[in-house]
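Following are the structures in question.
There are two complexes below, and they share chain A, which is joined by chain B in the first and by chain C in the second.
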Partner chain A sequence: MILKMKKEDLSAFLESAKEWGELWGPTRKGDKVAFEKVDALSQMDLKATRTIIPPKKFLYPPRFTMFDFDDGGYVERTGEVPNRILFGIHPCDTHGIQTMDKMFLEEYKDPYYAERREKTLLLGHSCIPDEKCMCSATDTEFIAEGFDLFFTDLKMFYLVWVGSSRGHDLVQMRPELFNRDIGKDDIINYTEYRSWKSSQFTSKVDFTGMPDIFELGYNSPVWDELAEKCLSCGQCTMVCPTCNCYNVVDEVELGTIDGTRDRFWDSCMFREYSVVAGGHNFRDRRADRLKLWYTHKLQAYIGEFGEPACVGCGRCVATCPVDINVVSVSKALKEQEVGK
Partner chain B sequence: MKRLCVVVDDREVEENPYKPEMWRIVRRYPLTSDVNFFQMRAVDVDDLLKMDYRPGQFIMGSVLGEGEAPFSISSTPSRPGLMEFCIRKVGTLTESLFGLKENQTIGLRGPYGNGFPIEKMEGKDIMIIAGGLGVASLRSLLLYVLDNRDKFGNLVYLHGARTPGEMLFREEFMQLKERDDLNCLLTVDKDDTGQWTEREGVVTNLFKELGPVDAKNTYVAVCGPPVMYKYVIQQLVGLNIPKHQILMTLERRMKCGVGKCGHCAIEYLYTCMDGPVFTYWDVLHMKEIIGKGVSDNVIA
Partner chain C sequence: MSSPKVGFYGFTGCAGDQLMVLNCEDRLVDLFGATEILSFAMAKSDNHDGELDVAFVEGSISTEEQLEHLKDIRKRSKMLVAIGTCACWGGPQAMKLEEGGYEERYKKVYGNASIELSKAFEAQPVDAFVKVEMKIPGCPIDKTEFLSAVTKVVAGRHPYLYKFPVCTECKWKENPCILTEGKFCAGPLTKAGCGAVCPSHNIPCVGCWGPTDDLNVSAEYNLLREKGYDVDEIVKKIKKFGGAGVAKMVKELSAKKEAKK
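The block that comes next holds the complex of A and B.
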């Protein structure tokens, strides 16, 4: 279902939506952008390209308590999550959330993720690519599902995709702000918008053939050269919308056996990531850890699901302090040479 | 507050897959200087019934305040009521576990992993090759086959240990030698007691005693220390055992056991969900393992 909305009505619509839960959106912080809780549309920056951390942090917080325990056993900690409306989610991040859904909501459903997913509305918004965006190469530049509502900015008005029955409920809160009068001009407008957006990409990255190139380059010295530069800081994994790895530790209150079992983001770039009891490390070398991440994103995932685990958001490009990212790594593997 | 309809039914959460249930240590005794045998029984009988496992699967075990780790199951589902584990003291969690007494509780959840492909193995000759702590998961398979003896063909059990004192379940396996429905061959690298009545030498030496092997009709399960794999696999390939009928168990770091935490990933496979039992044919496709030689990365 696609509806039409006057641009000036968005503010009133979000005001009404706040009845359901907290409103969060992209806000500017210096030269960066982050999802923050806001009171009104005016506090958001809808022109911003990418937030530092993807919206996965709402569905899967960087650190939280899974269980409280004492000598009687483990008691699940849930029910502390507020209703949230995330406004301004871009197609790449919506694709990222779909990848997370696949990971957490299929076999052995994760109750913590499911609870937050249940209490979060995803209101998407169209975006204009910058030089780091490469969603055209990962086929994630547009999105057809996975959101509750999606707003495409066509200058004079919004086209609003209704992607879920909850999204529909939200529309029903202010039905007078939406209409179905979509005419010839609107269709032409939308077609032009799509070609215009597609023409805005400057990134030349091309992931076709990557599975074979990874296979062929598995023992390439390029990996060691990249490892020379890598700081193992793990920022690439923190900002990646499809990175889901986590660690679990028990925290005990001093002098008791009561405590909490906490879960927090882990990174396969960290040295301890693959250490087993007794001290053996399956990926002691930095090159092996880099290879694991890139093989997972651009080869293994394609083998399993037919698409890369990269949604083209460009965050690794924007974040890595030493220019190791999906663009530079795939280029280095193809050309068998590390740039710069 | 305005109410919206819920998302969809399939997001309803029935139970928390990460929640450990409490199990009581019924019996615990040392098998060697650093390996203990644990028998466990669920505090709540429902949890016992839910623990419907197959040989080759593992559980996630928790010690209060010390975290959680994967453990192979050493008992067989054909003898329900108690679960058994054979655990080596190697880290802080197992150290705490060894500090617990009988009748104290720990947390268990599972079973997880694929386990051995029992249905495919039925009707076939079975060869089980254990080295060191590898017996932890293979004992489950061995006892299962013995308990369902008429469903399988010939049964060979090969077991190697460093010394007689380090051979896990030594008495149990010595008794198996009395049976005429399996060929049980035990060996130690070095007899430091002077009283060892069985073979001396590496486990691959035992292959000489096997007699004719119906390779196409044989499933082999191997589990042992890294160095053992390379030589055992060479022998098995030499015998023409099909690569997809050679089963090996891999060990990896795990924080969830259910395909979420990422630690046990090997390319697109998760050791916890796609394994821990892999065929030699699977392993040949794991570049990360093959690149370093099968022996370096495959552990019990």
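The block that comes next holds the complex of A and C.
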């Protein structure tokens, strides 16, 4: 279902929606754009292209306690998660959450992720690509599902996609703010918007054929050259909306066996990640770790799910200090040469 | 089960790590309750030698007398834990490791004055002389990281300390990367554990937690050169807290650069 809303009504709508839960949206402090808790629409920066960390931080926090234990057993730390409305999520990040859902909700359902997912409403918003955005190359520039509501800004008004019954319930909180008077001009407007957005991409990256190029370049010296530059800092993994690996540790109280079991973000870019019992390391070489990360994003995942694990958000481009990212790596593999 | 016997010892350093242990407030009582502390000169007066389950050693080793004492502690201990970056990697006093010239530096400071205390030498980390089972770095150590490790050590469990670099915690805190912006941040070379306090305040990491598990010194060096930093400045900053953990790598790097010239 697609509805129409006056732009000036958004603020009132979000105010009412806050009855369901906390309102979070993209805010700007200097260079830093991050999803923060806000009181009102006016505190958000809807023009910001990307937050440093994607919304995965809500569904799967960097470090959290799963349960408390003592000699009698364990008690899950569920029930502590507040209801949250995330407003302003872009198509790439919504696709990223769908990838996370595949990892954490399908074959083995992760109760901690499931709880947070259940208590989070995703209210998407259209965006203006910058030079680092490449969702047009990963086919994630528009989104048809996975959100509760999605707001497309058509200058004079919003087109609002209703993607779930929970999204519909939100609309029902202020039904008078929405209408279905969609006319000829609106359709033309929307069509123009789509081609305008598609024309805004300046990134020339092209991922077609990447699975074959990875296969062909499996033993390419390019991997060693990239490894010489890589700092193993792990930033790429932390900022990528589809990276989901974690480590688990117990913290215990002094003199007792009481404690907590905690989980935190890990990265296959770290040497420690692939050490197994007995001390053997399957990916001791930095080059092998880089190869794993990039083949996972642009080859192996396509083999399994028919689409890349990269949603084109551009965060690895924005953050890697030495310019290793999906663009530079695929270019290096195609041209068999590492740029500058 | 009798409580594990432990001892705290300080060598060349600022005693900041022992101070941090004393600063563990409410948890300190638990620590004293869960262990039998044979020796902790900064905390109590009736200290005695004896067999130890765990010895915690702070500071680098820089005199013959210290070395004798360290060897004695090692002999008496089932496990030796280095606490603080000086004990783990040598600390700032070990930043000239692998460069030679100790005698000249010594003369410059002390002239010809005769010092009778004990013969001094270039400061080195504890594991340059004796076996160290575990390192808890930091300048000073972080209470949470220390207590998390000690709790497990005294319970005979395996402690887990982050091995990855400061950057990981920096991203957990959602900071923009100041290295990418061109500042000299040593985060990628430095073990996490401090909570990335410096970059979280927009101040570059100077590396005070010491080297991380899998650092790529030459990548950081090349990047900083590209960003226009001076060779001496880079080397100095990397070696300041990296000590024995980076000295050889920096030396090899410099040799390679020389050969290229």
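Quick notes on this one:
Criterion: the second predicted complex is superposed on the first by the 340 of 340 C-alpha atoms of A that agree within 3 Å, B and C clash if a C-alpha of one lies under 4 Å from a C-alpha of the other, contacts with A are read in each partner's own complex, and residues count from 1 in each chain.
Operating definition for what follows: contacts are C-beta pairs under 8 Å (C-beta built on N, C-alpha and C of every residue); 3 or more make two chains touch, one makes a residue touch a chain.
None of the values given here were measured: they were computed from a predicted structure.
Once the complexes are laid over each other on chain A, chain B and chain C both fit without any clash.
Once chain A of one complex is fitted onto chain A of the other, the partner contacts of A:76 are limited to chain B, with no touch recorded for chain C. Which of chain B and chain C touches more residues of chain A: that partner is B.
When both complexes are overlaid on chain A, the residue A:321 reaches chain C alone and has no touch with chain B. When the shared chain is aligned, no partner comes close enough to touch A:37: not chain B, not chain C. In the superposed model, A:229 makes contact with chain C only, not with chain B.
Shared-chain residue A:249: touches chain B and chain C both. Annotation: apex chain A, arms to chain B and chain C, angle 70° (C-alpha centres, rounded to a multiple of 10).
Once chain A of one complex is fitted onto chain A of the other, the partner contacts of A:110 are limited to chain B, with no touch recorded for chain C.
By the touch criterion defined above, A:19 lies against chain B but remains apart from chain C after alignment on the C-alpha atoms of chain A.
Looking at the shared chain after the overlay, A:268 reaches chain B, while chain C stays out of its contact range. For the pair chain B and chain C, the model built by superposing on chain A gives 5 Å as the shortest CA-CA distance.
Common to the chain B and chain C contact sets on chain A are residues 249, 252, 257, 266. Residues of chain B touching chain A in their complex: 1-7, 10-11, 13-22, 62, 64-69, 88, 90-91, 93-94, 105, 107, 251-253, 255-256, 258-263, 265, 267-268, 273, 287-288, 291, 297, 299.
Residues of chain C touching chain A in their complex: 27, 30-31, 33-34, 147-148, 150-152, 154-155, 157, 160, 163-165, 167-168, 170-172, 174-177, 179-181, 187-189, 212-216, 218-220, 222-223. Against chain B, in their complex, chain A makes its touches with residues 19-21, 66-67, 69-74, 76, 83, 103-105, 107-111, 114-115, 117-118, 121, 164-166, 169-170, 173, 215, 218-219, 244-250, 252, 257, 259, 261, 266, 268, 273-278, 280, 282, 288, 291-292, 295-296, 299-301, 303-304.
Chain A meets chain C in the complex at residues 31-32, 34, 51-53, 57, 62-63, 228-235, 238-239, 249, 251-255, 257, 264-267, 270-272, 286, 318-322.
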